[in-house]
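Which chain is which? They are A, B and C, in the order written, and residues in each are numbered from 1.
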Amino acid sequence: MTLLNVTDLSVTLSTADGAARAVRDLNFSLEKGQTLGIVGESGCGKSMTALALMGLLPEKSKTDGTIKFNNEDLLQKSEAEMCNLRGNRMAMIFQEPMTSLNPVHTVGRQVMEPLRLHKNMSKADAVAEAIKLLDRVGIPNASERLGNYPHQLSGGQRQRVMIALALSCAPDILIADEPTTALDVTIQDQILELIQSLVREEGMSLILISHDLGVISENTERIMVMYGGAAVETGPTETFFDALTHPYSQGLFAAMPKLGMGRTSRLMTIPGVVPDLINLPTGCTFTDRCPLATAECAKTTPPLRQLTAGHQVACHHLEEAREKRPEELFA
Amino acid sequence: MTGFLLVCAAVSLFWTPGSAYDISIANRFLPSSGTHWLGTDQFGRDIISMLMTGTQNSIAVAVVAVSIGLVAGVNLGLLAAAKRGWTEEIIMRLSDFSFAFPAILSAIMITAILGPGGVNSILAIGLYNIPVFARLTRGTANAIWAREFVMASRAAGKGRFRITFEHILPNILSIIIVQATILFAIAILAEAALSYLGLGTQPPHPSWGRMLNEAQALMFLDPMQAIYPGLAIATAVFGLNLLGDGLRDVLDPRLSRKR
Amino acid sequence: MSDAPEAVLQVRDLVRHYRLPRESLFKPPGHVFALNGVSFDIQKGKSFGIVGESGCGKSTLARNVMALEETDAGSVKILGNEVMGRSFDQLRPLRQHFQMVFQDPYGSLDPHHDVGWIVAEPLAALGPITQEERQRRVTEVLESVGLKQRDARKYPHEFSGGQRQRIAIARALITHPELIVADEPVSALDVSVQAQVLNLLKELQEKFGVTYMFISHDLAVVEYLCDEVAVMYLGEIVEKGRTEDLFAAPAHPYTRILLDAVPQPGSGKKRERIKLAGNVTGQTEQRRGCAFQDRCPMMRDVCRRERPTLAEIGPDHTAACHFSDELLKNGLEN
């Protein structure tokens, strides 16, 4: 059964300088137990998408489209109903563990919060469950740690606490927004592995958001690349990097320094900068930086077209993009 | 609101409806009329003229007092933040010491020692303001010293003195200005309090505080006499507070807004 | 380590310990042992990379090399001139030869001054110069980073992160320094912008012959930009050598684990590697033995007793481990 079905999701934020289209006509779905990675740079809309799913968008925003979770439209739900779902059936972990944990409450209290809220556990039961959770996420001396405050833990440990918090009620779906960006690479390794094993054990679905192609590639089954609020390319991770088609995906991949590429090859750059969400072109958002852009690109939004099984690209010049390699596009 | 008060003060430098000074016992306690818009007090002085001239007085005291506090306090605070170590400790302990005494009380003490009068009350209020500014400046200055662009400036070879004036000061200015408007209001209150007690501006110069004092005894004869100066004080303080809030909203986001 | 006359930067046995505030009246205050004897040379025109994770001391190293804080022991020679022990005023004329680029493009530029003013700040180290000379230099340096002359009148908040970083680089270039210390200059930037700035740094090196001390936690970036690399852990250099050699055949377990931990696109989900357990400990203790003893998969008794020193593994390649040979031959075993 399709756990999550997002159709034509659009999020518009009202800012002091005008309306910013943070997310445009986004479509994707997630089966039970599936993992999806959303990749993009700042301003591409990936975090906004996550917040839209959780119903945590800022007040001055407008959301259109449908988000079907277990066949119920989340956008139609009241705040009270959403509160019931958050932390319970849908959970989210954030990038900065220091600011997402309350510094004046103990770790134990924060982990027990969803347990007592959603499962109505008694204090004693919640404590026992919290210790089990902290243990599960690999925090040594869990029972002593319950009384610690966030600042007494390291960054990696705080992120583990966040994961314990998120998992406390065994949600159907876990959304991780740049969970390891603020961590050292060896700790990142540990945390990602923890997330992977928990997802497997619980049969949860996972949406992993990152700007790091490597992280996404090693931890998800499907990838979705976003630019300027729209999805430009989606496909199965295994074959994704062999068949990169969209000019932006190709450019992004080429611009990333990779281990083993040596120092003689030059990094390819995409000319220009990430678009201002307030003044987006009406057609394809990548128009002013795309080497293949034509007049049509600026006028009409390209539809997502199927390339091969499960691999979709939104580009007017699909065939041409397919033929060309990054060196030819961005040299 | 503050603008209105400023206008009053400015105007009263040149003209008042009646005279604030002429005593005319025959005309005592007149109600509002054409010649005397708010009536006269027990000495026959025109109330509204007194109020307007009083504005002058209050503003003068507040400005000078706050300026003393600002100039001395900000410099001390900047010095403390720049030098750190013992300099900072000494300055901060001194200001802590001054904070131990409540504002009005210390103003009273100082005028009691120095003697009553307009100038002394300015000094007293000013003296009290110094530690307030010093503490605020030092706190915010320390925060700016920790910013990366200050480190970049040091990497460029700039000395502490230049950095203080070129980098630290512009970045804390908005906060100091807001604090100054708040202290302005407090200074007006303080002046009124001192005058009420007879320690501030001496007669014949009109002062809101003294007007209140004098009106107190005559509450049952002519209550309006007490209400007018009270209203004037309240309006001034309220107006200045609003100004401070408004300034804070305008100055801070504009300066810290990022693309 | 020869005293090559070409060395733009020579660091010897740099030590920096921070005192922590006292916790009780009776115990002596604790210390954070940020730098425990760091030594290396950088030759003219080269890029020297310093990698490590949080707590390894790389930012402290940057600040000490730039003489921005008091150093406890050791020597830093820039173009042959000793920097340690000199007063701030004495150092000022020397500062035109070494400049710094910081990590945060939003924090390293004063929002109250225009770009022209900011970029010209280091000229203070040169002594008095004419207004025209100043203008000329500002324009020259803005154009070499890809900005325009008229940008000098704009304010930092009018620019994007990548452009601000260019401004920071322009500021570092204006005195034509021989050495630029870059502390994570691209870490806060998006991938595509990062690529632009990295290419810019390379071009500038080709054009002006600048020497870089490049600090980063991102190994792929360091591999792309740097000729030589030093890996730091808990305030010490644990391995040092030419980039190709070090990345191809790491001789210290930490380096090996660090390289393995970097996720690669297209490499698939299953990658056999040793994962490091726990996190960095021991910053506040001075102990016998190897700094890496708590977490090393190859740890044996001798590691607790004797501190390994940097020993030569190959040409220009040194590592501080008792078991480098074994590592190179057999790889890491669990």
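Here, contacts are C-beta pairs under 8 Å (C-beta built on N, C-alpha and C of every residue); 3 or more make two chains touch, one makes a residue touch a chain.
These numbers come from a predicted model, not from an experiment.
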item: Category of the chain touch graph - line, ring, star, complete, other; value: line
item: Most widely separated chain from chain C, with each centre as the mean of CA atoms; value: B
item: Centre-of-Cα separation between chain C and chain B, whole angstrom; value: 51
item: Whole-Å gap between the CA centroids of chain A and chain C; value: 31
item: Multi-chain contact residues (two or more partners), chain C; value: 160
item: Footprint of chain C on chain A - complex, ascending; value: 41-42, 154-157, 184-190, 192-193, 211-219, 237-238, 241-242, 251-253, 255-263, 266-270, 273-274
item: Of chain B, residues touching chain C in the complex; value: 147-149, 151-159, 162, 166-167, 170-171, 255-259
item: List of chain C residues in touch with chain B within their complex; value: 63, 66, 68, 88-89, 91-92, 95-96, 99-100, 102-104, 106-113, 118, 121-122, 124-125, 157-160, 168, 171
item: Contact set on chain C toward chain A in their complex; value: 53-54, 160, 162-163, 190-196, 198-199, 217-221, 223-227, 243-244, 247, 257-259, 261-269, 271, 275-277, 279-280
